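Each of the next two complexes has chain A plus one more chain, namely chain B in the first and chain C in the second.
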Partner chain A sequence: MTASVAEIHYFIGDTLSGRSSGVPARTAAAGSGELLVSQRPKWLEAARTRLQTFTHLPQNWDSYGSQPLSWATARHAAQLLSQLGGFGLPAPRLVPTAQGGVQFEWDVGGIQLELELEPGGGMLAVFDDIHQGESWDRELPPRDLAPISEALSRVVSAGRQVLDV
Partner chain B sequence: MLDVKCWTSRVTQGDHPHEVPDNAKLWRRVSPIHVASDGLGPSSAAFAGHSDDGKTSVCVAEIAGTPDEMMEGWDGHWLVQFTVGDARSAGFGIEITAGEYEGHANLVWGGTRSARKRAQQKLAEACRRHGWIIRREDHG
Partner chain C sequence: MNFSCMHYAERHVTGASDLPEFECPPVVEVAIGVQFDPLVSLGSRHLALLWERWREESPLWEEQPPLQTVTEWLGLPGQPSLNFSLDLGLLPPLRRAFFFNPDRSELRQVQMDRFVRNWKKTGNPYPRYDDQGSGESLSIGLRSRFRDDLQQFIEFVSEQQVGEVLPNQCEITYVNHVPSTGEFGAENLADVLAPWKGDFSDDFLPFPESVEIATHFVIVDTGGKNIGRLHVSAAPARDQDSGDLITRLTLTARGLPLGKGVDGVLQFLDLGRRHIVKGFASMTTTTMHSKWRRK
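Let's look at the complex of A and B:
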């Protein structure tokens, strides 16, 4: 599937504005790490802009033959960004992957979480809590952040503690 | 100095992977967009496999020439170094390839996708320990 840059921009912008994604004002994640957050974080706009730049990457941008972010993956990534934006998380670092996905990275207060969105919509998560000595990696079904809600909750807490120092 | 000839002349496609010594140094170019936010090392995403075959291209430093030669045509890219032992302890296999250019090799993975992601993190950590071979001023 192909789409013009203008179409991609329109879609990402529209998705992140919440008009097409239906992002709720309050987002809940099931499990012990339930999160309820009511407003969009300030980093969302910058993250959106960075995500857009990944669709502009040249062919072979990493010198190993990788392609720019596809329209379909940009759409998934924008939706995931909207989901994540509702959790009260500190700003993630976004990087493109060689397979045409996007990786979201947090490293705050001894909590490290990497969440990779694959081109097909699947997700991979790698988590480390240095304080509790907890480490795991797991595969997630598309659009389902519930299996990592506890991890997201710890990133939120660590982010708040850093801000309080 | 490694006895490179003893394994580069015969080892292909992982036939005799353990003949590649653990202390052999490997280089990999890193796009500036994959430099970690603190600039001290690469993101784990820098070690993702190729979209076609899942293999991660590297170069055996001892036979790849100079770092500048490795970076020719790739202004702005960074260069990291780790060892074959680092790759093996992270869970990767290594295969010396005959194609592309002298000293080219592939890191290969046989486990789950999420475990591979953890292995990529271990490589990124190893690169932090070894330091940058070529470091640029700006990163993404």
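Let's look at the complex of A and C:
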């Protein structure tokens, strides 16, 4: 096992103990109200709104028999966007796919990355680094971004360099 | 704090013979759950029909707000969790149903994309994860209770034609209450948690008034594939029944089903529970192991 440090987030949320025993003795101070330095990227709300609009697309929205974004895929996509935002990625372009999935696209400083979430839980990634002359596409294991973690880091770095300019 | 002796791990179960065992572990709650693709057509009337089936065992029905979707996205270490979800329907989301047994020691939770079964210590003996004994002395463990309920729920969903239960995440949680000797627990945390030493670079800060710790570990299968995470947190709390100060040590294993259907869910739960039991032993000190009577 390898260790990482991040906030815990509950699947079960309030377990029985959480409701009836084991009341936290202290809560974190929150007297400062909204902080200027936030871990939530500004693009997240716009992405959330756009994701929701994809779920309301009509059947055959592209006149080629396409499907609207499924609820299940939309929920997973929302979670993934949250994780990617926390990782420091710049705003992705969101595109619905004809199969009822969604694709995240980045094109920053010569780095292009496309990440497609399929309705069944599958994921595909397409990467192109113009400077390095590197180009590949690969299928990812379910819910596992490890095979593209370096590509994501490069997008983060490219995004920061663009901001620095 | 007063707690009765219970077995935390069993010998003749799910290939668990190498798991550490404690005669008197501090476990106060176990929750076993599965998240599945949303059953969009599941409505309040279905919950009422489901309750009728479980009413004899779980006569108390309460309603709670639904839990948000939680997915372990692996491969991005160290990133914070940001609260971010979607409201996808035109109607308000279906409430989460709580079906309690009469003494509220057992709970079935149902919502559009979740089924969870909890056991809470209320003076009753810990039923253990696996079945114990045989014949007339057979004691049904938490794993079998969850499995049977999940199968019943899947059959119910099929009968009612509200969709198909397609699991996407599994979760198992153990909550432990460890008595605290000092105010809010900071003084004795080093006695409880092996990784916490409480040392500082200089003498400016006093000893912390309270300490909260959260650690996260990737769970990897035998083939080296990432399949989930073990979350371990420790926080000061107060036992609501006794009023005692405690350290609340929570271990949660969450990840992908390791196959289709109920069997795939149970396979992850078995693996997750293994990480919890072994992780509990790793995270806690040998001093506490002696107090909990490790075998």
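The criterion applied here is as follows: the second predicted complex is superposed on the first by the 127 of 165 C-alpha atoms of A that agree within 3 Å, B and C clash if a C-alpha of one lies under 4 Å from a C-alpha of the other, contacts with A are read in each partner's own complex, and residues count from 1 in each chain.
Criterion: a contact is a pair of C-beta atoms (placed from the backbone, for glycine too) under 8 Å apart; a residue touches a chain by one contact, two chains touch by 3 or more.
Quick caveat: nothing in here was measured; it's all calculated off a predicted structure.
In the superposed pair of complexes, A:48 makes contact with chain C only, with no contact to chain B. More chain A residues lie in contact with C than with the other chain of the pair chain B and chain C. Residue contacts after overlaying the shared chain place A:126 against chain B, while chain C stays out of touching range.
Of the two partner chains, neither chain B nor chain C is touched by A:160.
Contacts of A:93 after superposition on the shared chain: chain B is touched, whereas chain C is not.
Those residues of chain A lying in contact with chain C across their complex are 1-17, 20-26, 39-40, 44, 48, 51-52, 55, 70-72, 74-76, 78-87, 121, 141-149, 152.
Considering their complex, residues 57, 61-67, 93, 95-100, 103, 105, 107, 114, 116, 118, 124-126, 137-139 of chain A touch chain B.
Taken in their complex, chain C has these residues touching chain A: 28-29, 31, 33, 35, 37-38, 40, 64, 67-88, 104, 107, 109, 113, 116, 118, 120, 166, 168-169, 171, 173, 175, 177, 184-185, 209-210, 214-220, 225-226, 230-231, 233, 235-241, 245-246, 248, 252, 254, 256, 275.
Per the touch definition, chain B reaches chain A in the complex via residues 29, 31, 33-34, 36-37, 43-46, 48-52, 57, 74, 77, 112-115, 117-118, 121, 140.
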